[in-house]
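One chain, chain A, links the two complexes that follow: it is found with chain B in the first and with chain C in the second.
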Partner chain A sequence: MASADVNKGWYKRNEIAITPWLFLLPAMIFFAVYVIIPIGQSFWISLHQWDGLGEKTWVGTANYERLLGWGDQNIDRKFSVSFWNNLKWLVLYLLAIPAGLMISLFLNQTVTGIRFYKSMFFFPFVISQVVVGLVFSWFYLPREGLLNAVLGVFGAGPVNILGDPSLATYGIIAAGLWPQTAYCMILYLTGLNAVDPEQVEAARLDGAKGHKMLWYVILPQLKPATFIAFVVTIIGALRSFDLISVMTNGGPFGSTRVLSFYMFEESLSEFGFRMGFGAAIAVVLFFIMLGFITYFLYSMYRDEKGAH
Partner chain B sequence: MHSILKTSLAALVTAGVVASSAAADGHGLSGELNISSDMSNPAPRAVMEGLAADFDALHPNLTVNLTIVDREAWKTQIRNSLGANPPDVVNWYAANRMRPFVDAGLFADISDLWAEPEFEALASTKGAMTLDGAQWGVPYTYYQWGVYYRKDIFAEYGLSEPTNWEEEKANCQTLLDNGIKCYTIGTKFLWTAGGWFDYINSRTNGYDFHVALARGEIEWTDPRVAQTFANWRELIDMGAFIDDHQTYSWQEALPFMVNGEAASYLMGNFSVAAFRDGGLTDDQLDFYQFPVINPDVDYAEDAPTDTFHIASGAQNMDAAKEFLRFVTSADVQTEINSGSGLGQLPVNANSSIDDDKFLQEGFEMLSNNAGGGIMQFFDRDFDAEMASVGMEGLQEFMVFPDNLDDILARLEETRQRIYN
Partner chain C sequence: MFPTPLAKTSRSWQISYQVLLPIMLIIWLLPLIAVANFSIKPESDFVNGNYWGIPSSFEAFNNYGKVFFESNMPRYLWNSLFITIPTVIGAVALSCMAGFALGVYKFKGNLMIFFIFIAGNFVPFQILMVPVRDLTVSMNLYDTKTGLVLFHIAFQTGFCTLFMRNFIRALPFPLIEAARVEGIAEWKIFLYVVLPLMKPALAALAVLIFTFIWNDYFWAVVLTQGPDAQPVTAGITEFNSQFRAAYHLMSAGSIVAALPPVAMFFLMQKHFIAGLTLGAVK
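Coming up: the complex of A and B.
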């Protein structure tokens, strides 16, 4: 036995242990180069004052102190505005999930031309976020916009949604919900295909119908779809950058900034030469996202354990 | 591979040739000259391509490679571009906008060029090209700012060009009484509000005060700054500006004037082309200098200068310097700034101005009636961070003038952080 082992090469002897790592290696290298190392670099840069061109100057935690208002400083106002806007995005964007569910239930029937209706409802997800942003900013235009034309019919006064600091963020979120609802709808439509007709039949025999049927029979079977819809919606809410950039450019007077936009403005935009401060914002955003990621990983882990 | 081969071939050839003929006639430029330009709009693009082709033709042994980048994109791309393997010549802007690149040592010091006698003709912009006592680039064009107005509307209500603040407000009141807004403006991208601040502040407190404020030497909470905003507020409270301007870009604000809903626009001369495209004839469109507010201070004018610079990592320094001499020469500046080119003002004092009424009037104004000084513009005179925070505050002020104290406190906080 021992002699047979010796005759085999080193790789052959350790094949079982090594092969999985070989398969993992490419992914690990790319993950390290494009994700792990940049996270470390961002953190390192955030401890410096740096204009992105010349030498870095070590400032310790000064960027964080300014951002979070430690010591005798006030919390950075732009940061708090961006942070609350991020929260608004996260919470309100979740409306896409029930809305997508409603539409998918409505579309989950066989009538003539249903494929056409489905594709029409899915259409907004196919077009680029930038186009969605443009279409909605025309829709909201204070004088020529369709919204004000409709409001005018009902005698309501003109509103300038994107020009009003208290409304602008909601206006952009509404624009973002349009494609996001379509995305959730598709997820639920595929989920509904997998619903077990026998269970529905059995529930019907037991007298379940209407919202009881939905809540106790259909929804539990849609749980995987709901989980995915939740994940993509949270990710979508954190990727609000392009809509904001197109629709308001962070304005009016910075009221629609979110953390990612603020980071861009500070470090990479036309007047942004504050890489260290931008990196500090990125690190804070990273920790917020880490909270969500941990939650996802944990619930996936829990589900896997439950399945076995 | 191809370009490496070409370069080394060219180098070989020159090594042989330079010694004999080329060096003798003083045009021994060889190799490649790489230019990155932000002149991406149709007319400037044609001008830039013409410049590169002409310079190429002048120097048979030199290959000029021109890369044109979208003008807005260039504002952020220039950083990467100047980093590794930079082009020889790049476009940028004068004054404080050069600061980050000068501080990082990415622009070459070209004070030796400015010491040449030919550069006497550019003396008017030497100050704007100077940082830390050295010059870092050369100007190729500039343009005046001022109030562009609908002459036909003014005539209809018997108004004449105002020369002082009282007349300006009286004109405005007449227009408002007739249901016409005095000024159109689009502040979505903020900088347009900077123009209003430049003018009202320099007319209220003078050029020197304005420059000191830009350098961070004066507090934003200073009562003189408050006076500027008080003057501005008189117009805002009258309802002089169009509604919802925070939603429009400067181009989207043009139709208000073209349709006659607003009578005037404080803008740079580049807007004339847009007005003409919009259908306004020269009989309908005219120009006046921003009126006097405080009679004790001299006129100061916004006249932003666009520039060429040499990257400090330039491969072909001789050709780059020769190109800068070329674009600043009187004939070339006359040609590129003509009506068929950029339609702007040449910087070289020996150049001639195109026969366009706005250019003539603007040149006259800047030469004889800007005794206070020439400002580059809010976002070029102020530090980058101060400018971005500042312009956002100016936009907020124009929409919610009651927030002024809060805005000024914020600007002051930013000033202290940047300059202390």
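Coming up: the complex of A and C.
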């Protein structure tokens, strides 16, 4: 009894110091077990040859050497295709930001029914990427698809976008841009809502109009929205997997692979369970992402410090 | 307001705007309209080459009926529901507590832990894939809904904690101090002072996580494999191989699979957008 009292007293005295840790504990345990520790394990696995079931065999940096073509080997061909496709995704996906801005400027009016239009323009984002992928692969169908029907009206010949190795990746990126643009649009609509009307009026009195007004008065105020749009678009581009898996499954002739897809294919597909090699691809992807993550966190850290 | 409000522009632009609006919308949604059109057509239309024209007869009941009564679709939908709902509850509960700890208390490592949560949330899935699959297999949870739920809770906690912490930061702190002066225990402050104020954040997070998890495909493929546990995003591929080249059925199936988050969005629009655009305005 006495010891319980002492315990209680001790807890009471240190309540402010202990409570946050008690509240953090469940989230931290979950996050450590499923996110933090696996990152380290993937590094470890990438130094082995492993089929996922038997014993791991230590191979040092052999997986990386094969992948990046160190020494007398050539760079892994599938890896370089995937890497360049990742770059295409990164660059072209960023088009979602100006496109989203343009649509949001178009929709930032107060006419009857505009709320309906805003939500209809946004709702591609809510649909799963799997369904977006299916919808677009039917849209692109060489005979049955609506795209070729529309092209036919303008006299352009039928194209088989997903069957052409030089076009397929762009076709998938276009499908991905659809929901991503919707996302950026909603970010900018919210941002435009908060633009200071007095500043706009003042700029108008000074004769600012059109794109000048947009560039010098509106865009600086939209900076937080642009930052988030940038973060989610970069992450989205590097996460691209669902669309590729559904629309082309990496083909034709492996031309639409990206690193995330290639990794999955090596580790968990009918071609066999090469977990070590797969993990090495994942580590490379992780380091590409880490560059961006560091930049994002640095920006957030600056804001955090500025707020106090 | 920018651009110039319509009321202050020329009459001709006002009229063109009203005309342009629906046209733009139709162009924007064209791929989806085409699929919706597919899903109400009879099979004969596809044989006769009437792919994108007006359906020769209205077969919605027939096509959607087949989806619900002659395929595994209802099972997949059910699985999705039983994966999504527990994840929403779990992730929101964990992150409420973590967000409270990080938002209210000053202690060494606070910002550090917060940034680990954010960073983890940006990590590519592939770096987690092999170890998480391994862990799930070793816990005998491979191809179960529980295995998927546990992972989703853990991963979503990163984003949710970011969200909750920033929301709690914006609450009036004197309220908490006043409660402390009254001698109220810390956990009671959480339960009776902070939690009631967090209702909008809870609603926003719940709809967002519902949508994210419902739409997850990658982890469904990695951690499950059959109609016993697979959610609808993964099940749709099996459905499509069952009805290969039967576009009227495949499109009906896709629309059914996409519908729950869409319904969620239209019902909870305000919360959904508030959640998604958090931080877009300073």
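Following the convention adopted for this analysis, the second predicted complex is superposed on the first by the 269 of 308 C-alpha atoms of A that agree within 3 Å, B and C clash if a C-alpha of one lies under 4 Å from a C-alpha of the other, contacts with A are read in each partner's own complex, and residues count from 1 in each chain.
Rule of thumb we're sticking to: contacts are C-beta pairs under 8 Å (C-beta built on N, C-alpha and C of every residue); 3 or more make two chains touch, one makes a residue touch a chain.
Nothing here was measured: the structure is a model prediction, and the numbers come from that model.
Contacts of A:L268 after superposition: both chain B and chain C are touched. A simple residue count on chain A separates chain B from chain C, and the partner touching more is C.
In the superposition on chain A, contact is made by A:T190 with chain C only, not with chain B. In the superposed pair of complexes, A:P20 makes contact with chain C only, with no contact to chain B. With both structures placed on the common chain, the touch criterion links A:G251 to chain B but leaves chain C unconnected.
Of the two partner chains placed by superposition, only chain B is touched by A:G163; chain C is not. In the superposed pair of complexes, A:G52 makes contact with chain B and with chain C alike. Touched by chain B in one complex and by chain C in the other are residues 52, 143, 268 of chain A. Listed in rising order, the residues of chain A touching chain C in the complex are 15-17, 19-21, 23-24, 26-28, 30-31, 33-39, 41-42, 45, 52, 105-106, 108-111, 117, 119-124, 126-131, 134-136, 138-139, 143-146, 149, 178, 183, 186-188, 190-195, 197, 200, 213-214, 217-218, 224-225, 228, 235, 238-239, 241-242, 245-246, 259-260, 263-264, 267-268, 275, 278-279, 281-283, 285-286, 289, 292-293, 296-297, 300-301, 304.
Chain contact summary for the complex, chain C toward chain A: residues 1-3, 5-6, 17-18, 21, 24-25, 28-32, 34-35, 38, 46, 51-52, 94-95, 97-98, 100-102, 104-105, 107, 110-111, 113, 115-120, 122-135, 150-151, 153-155, 157-158, 161, 185-187, 190, 211, 214-215, 217-218, 221-222, 233, 236-237, 240, 247, 250-251, 254-255, 257-258, 261-262, 264-266, 269, 273, 276-277, 279-282.
Contact residues of chain A toward chain B in the complex are 51-54, 66, 77, 141-143, 160, 162-163, 248-249, 251-254, 265, 268-274. Listed in rising order, the residues of chain B touching chain A in the complex are 75-76, 79, 82-83, 100-101, 103-106, 188-190, 243-244, 246-247, 379, 384-385, 387-388, 392-393, 395-396, 399, 410, 417.
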